[in-house]
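Below: a set of structures, written as structure tokens.
One chain, chain A, appears in both complexes that follow, with chain B as partner in the first and chain C in the second.
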Partner chain A sequence: MAGTIIRRLVHMIAVLFGISVLVFLIFFATPGANPAARIAGKNASPQTVARVERQFGLNRPLPVQYALMMKKIFITRNLTSYVNLGEKVVPQVFKAAPVTLSLVAGAAIIWIVVAIVIGAVAAAFRNSWIDRLLMVLSLIGISMPVFWVGTMANLFTQGIWHHTWLFSWVPPLGYVDFSKSPVLWFKSLLIPWITLAILYIGLYARVLRAALIETMQEDFIRTARAKGLSERQVLLRHALRCSLVSVVTLFGLDFGVLVGGGALLTEVVFGLQGVGYLTYQALETLDLPMIMATVIYASVFVVVSNAVVDILYAAFDPRMRLRR
Partner chain B sequence: MSEVSATDRDIAPPAPGYWAMAGRKLLRDRAAMISLAVLVIIALMCAAAPWYAAHIAHTNPFRSNLSGTVMRHGKPVEVLGAANNPLHLGIEPIGPSWRLGPYMLGADQQGRDVAARLLYGGGNSLIISFAAAAVCLVLAAITGILAGFFGGWVDRIISWLLDALWAFPVFLLAISLSVVLIAHGIDLGLFRLDASSLALPITIIGVIYVPYVARPVRGLVMGLRQSDYVLAAIGIGAPAWRILWFDILPNVISALVVFAPLIIALDLLTEAALSFLSIGVQPPAASWGTIIHDGESLIYTRPMVAIAPGLAIVITVLALNILGDGLRDALDPRAKLRN
Partner chain C sequence: MSHLLEITDLAVSFRTSHGLIRAVDGVSFSIAEREILGIVGESGSGKSLTVLAILDLIGDPNAAITGSIRFRGTELIGQKPETLRRLRGGAIAMIFQDPMTALTPVFTIGAQISEQIRIHTDLSRHAAQARAVELLDAVGLPDPHRAAVRYPQELSGGQRQRAVIAMALSCNPALLLADEPTTALDVTVQAQILELIRKLRDDFNSAVILITHNLGVVAETADRVAVMYSGRIVETAETAALFADPHHPYTWGLLGSMPALDGIRRPRLTTIPGLPPALDRRPQGCAFSPRCGFVRPECLPAPPALTGTAHQAACVLAGHERAAARNQVLAA
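Right after this comes the complex of A and B.
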């Protein structure tokens, strides 16, 4: 087991290194991508571009630039923005992190609870109209672009129905810090939570239903039934527990991606200044240090959650330890 | 001739092949057939966009129409009129007329016909998602088959590449590549892509989902490599290309067919997201994503600009997902057992 963990951690660091190199190459070494010309602005004279190159160290060999950037991100933490000159990048990412975490954690609670209920009900009433209805709704949830759902939510809660009793409580777009007002924090996040959760509810309900139906054909379920347990006990106590493994795996990966900034579209639509929003702004202004910082921040979460899921798997199922 | 057909009738017909059986099963799947019909109708409507613009909308959906007027209820109405607020501050595009003709779904901020742009944009969205899916499936088949069949260092290199791509947050990869490439296209000497070319989003979206398909294909081929008939083919000295072509590829293709609608759906959503962030299809061209982007600033006054393309996306993706489920049931009998 210890060997598995160590192997997985080494693999994790290797992948992180690979990703950071890849991002660096995309932005600094793609044919045609010339960071100095970008900072200098359009129609800048060659002399200006050359001065910018010297000033930002862009005339040095690529490996040196890469090493310097990594040192500034991880060790000295004084990487500064190319756009808002002098502004430090790393603290900004950490300032945005709680916003994203609030959004994702709330949405995750909603989608896990609702998806388990839908999946279990659909499996219990398999092939009935309830099952079909729930699965069609799940499929619709998967098929909707999240930024469009968000835009529609804004239309109804901020626009058309804002002055009815239904949505008059919805505060204007934006994030309110929990420490400032927990009630306002909750109100400002409830609509974004639901918006973000819809896709995952559909996804998880479908996965859970399929897993439940497969589990219900296993021998231990027949044993449980033979012992005289009610169908509800069989489903909730025995089958559900076993089927949740597939959902937990998915959850680990999705949560990692979202906390790392994967909720970018939701954050942009609702004006929540989280990590995804930061990434979006940096991309619009082509602020390379900020992009590097946010992408590396995101990949840390993705890679770590991958590793955690693998290690948990190995802990649950010894057979997995033999794989690579 | 009649004698021949008489004897033909006496001989039992050959057993239907794998594809014929799958086709029959699919034909009986009502939900999948309806979805297929919906997709065909949407594609035909999008293909008719130039005709619609010329003969029904009577506008050029790529040119702004800032001072034009259009007949409504027998009276000329400005396409971009004064806003409907007490002070008449700002301008407001004309709303939907809800009847076949000019500005059926209203105008956008530049006075362009939303319905015509919806059809043109749908064409681009569909072209990008289908072409990107084709790129993805072909690349995934090649890499997956090579890695799974030859193993060894070939497998190690390909798997390492796929793992790296897999571990990269896919949305960030798409956004990063788009931002860099949209700014000035790709210029690799012989290989040039203009920034406004559709080939750019096609390539980006096609490549990022390769690991999703290549990994299962690799696993499938690794299993097939150990199957008795492949071992037998190796045993009688069949060359590798022959085994790959006649024994491995047919199996892989049925897996790819099952993946195809799901990947197209995923590509359509990805394209919409990139275009919404204005790093996908570039103006003046449209796609469903860019129209939603245009509609966002009009959301409280002319919501139809954002609603219509979103509904188009939902219907298309839903149909693709249902078709994907049907194809899986038809082509993979084992999957059906689980449901």
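Right after this comes the complex of A and C.
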């Protein structure tokens, strides 16, 4: 197991290196992407552009530029924005990360629990009206765009029903740090959590239902029935455990992507200054250092959550442990 | 004498878009305590469905089971699911054909056996696990303590089948249903597993219904044999009587297609011409008639009934015609 984890870590570092090089090349070395000209502004004279190049080190060879940027991100952590001159990039990412993490982790707990319940119930009553109802609801959940759901949620909880007993507890939009007030943190995030979770509940419930129904055709399910297990025990003990692998796969990818900034729409709608928001702003202004920092931060999360998934696989399904 | 299990006129039908298909059609047999009954037939003859029907394990929502299945005097057809559930794995246990897929891949062997023990008894987790190890030892798995903490895919096919048998035996079943328990195994392992099943009767006092398509397996193991063809029993007798004096032309065909390991070796093996009829296109009369070399006009309107007392056959051939006809098949 230790060997596997070390191999996985080396693998992760290699992937991160690859991503950082790729992103760096896209923004600094693709033809037409001249960062110095952008910083210098519109209609800048060639002298100004040349000065900017010198000042920002953009006239150096690309490998040196890359190495300097990585050094500034990881070691000295004093990489500054090209847009808001003097503003340090890394602390901004670290300020935004807890917001996104709080949002995504809470939503993930909700969607995993609810999706497993819905998927299992639908599979247990497959082809009945309960199954059909749940699957139609799931499909509706998948189809509703998150920004619309978020806006509607705000309309009701912040607007027209805010003064009724139902939603009077909802605090104004924005993030409250956990260390400041756990209760307020929870209250401020509950609606965003649910909003973000709806799509994934629908998706995961459908995937789990399909996996469960497929597993229920296996020979070992008949053995489990022949042992005298009740239908519920067969489903929850034998089939669910084997079907969770498909959900874990999805979860690893989705979680990584969301923590890495994929929850942008939710963050914008609820005024949460998270990583998605930060990336969005950086892209709008083509703030290259900020883009580098957020992309690397995001890829760390995607890669780490994939590694966690691989380890979870082994925990759920011993067949995976024997591989290699 | 009261039977352990008595099946009367059992039929298993499937509702399909082409109408009702009777996969098992009017099967009746009984089995006494500690008896080993072999059910022989080719694929699709309904032998597996017959035993699956006993515990209502067919699992197809379109299947309908009719007739009567009495276990220790209690009717099982139409019984409450809860009552059937308590029988399953308890008084009636089942061994399936393919040990590679019959065990849940995510639980250890020991956990799967003790799970069954804990359903049917109130042993503690620890005691059930200890009993699982005992059972693994009893079925001849080497190093049962280690085997108990292994996952199914870490064992070989023969070892897994032993584990499956250990699981089936865990609650001392009065009746063991073995659905082709050796088909998926190597020949050498087959012999060991059959030996084990024979021993069960002595060690665990279980009666066994052994399904197979292999007459050799039956000859070695069973006390009594039922030959099935196209959903019906065509011949049933004590094993020795069946092999000494087979009555039904289909049984002759089965025997003729099997190489003799001792005695006179026939120059070539005979085959039964043709294929079994599709279940929805079964002939009106004897289902074997299209493939039978001795077909008579009276075979065609309706299937012949099983006749005889100890040795029954569903064939119109009279006793005195039989020997000559049989020699044509078996001495060819």
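Criterion: the second predicted complex is superposed on the first by the 297 of 324 C-alpha atoms of A that agree within 3 Å, B and C clash if a C-alpha of one lies under 4 Å from a C-alpha of the other, contacts with A are read in each partner's own complex, and residues count from 1 in each chain.
Keep this in mind: contacts are C-beta pairs under 8 Å (C-beta built on N, C-alpha and C of every residue); 3 or more make two chains touch, one makes a residue touch a chain.
Keep in mind that what you see is a predicted model, and the values were worked out from it rather than measured.
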Partner chain in contact with A:192 - chain B first, chain C second, else both or neither: neither
First, second, both or neither for A:106, with chain B first and chain C second: neither
Chain C versus chain B, contacts on chain A by residue: B
Chain B versus chain C as contact partner of A:241, first or second or both or neither: second
Partner chain in contact with A:225 - chain B first, chain C second, else both or neither: second
Which of chain B and chain C A:264 touches, first, second, both or neither: first
Which superposed partner A:283 touches (first chain B, second chain C, both, neither): first
Partner chain in contact with A:252 - chain B first, chain C second, else both or neither: neither
Which superposed partner A:119 touches (first chain B, second chain C, both, neither): neither
Residue ranges of chain A touching chain C (in the complex, touch as defined): 218-220, 222-231, 237-238, 241-242, 316-319, 322
In the complex with chain B, residue positions of chain A that touch it: 15, 18-19, 22-23, 26-27, 30-33, 38, 139-140, 142-145, 147-148, 151-152, 154-155, 158-160, 210, 213-214, 257, 260-262, 264-265, 268, 279-280, 283, 286, 291, 295, 298-299, 302-303, 306
Chain B - residues contacting chain A, complex: 163-164, 167-169, 171-172, 175-177, 179-181, 183-188, 265, 269, 272-273, 276-277, 279, 289, 292, 295-296, 299-300, 303, 306-307, 310, 313-314, 317-318, 321-322, 338-339
Chain C residues within the chain A interface of the complex: 55, 57, 59, 81, 85-90, 93-94, 96, 98, 101-107, 115-116, 119-120, 151, 153-154, 164, 167
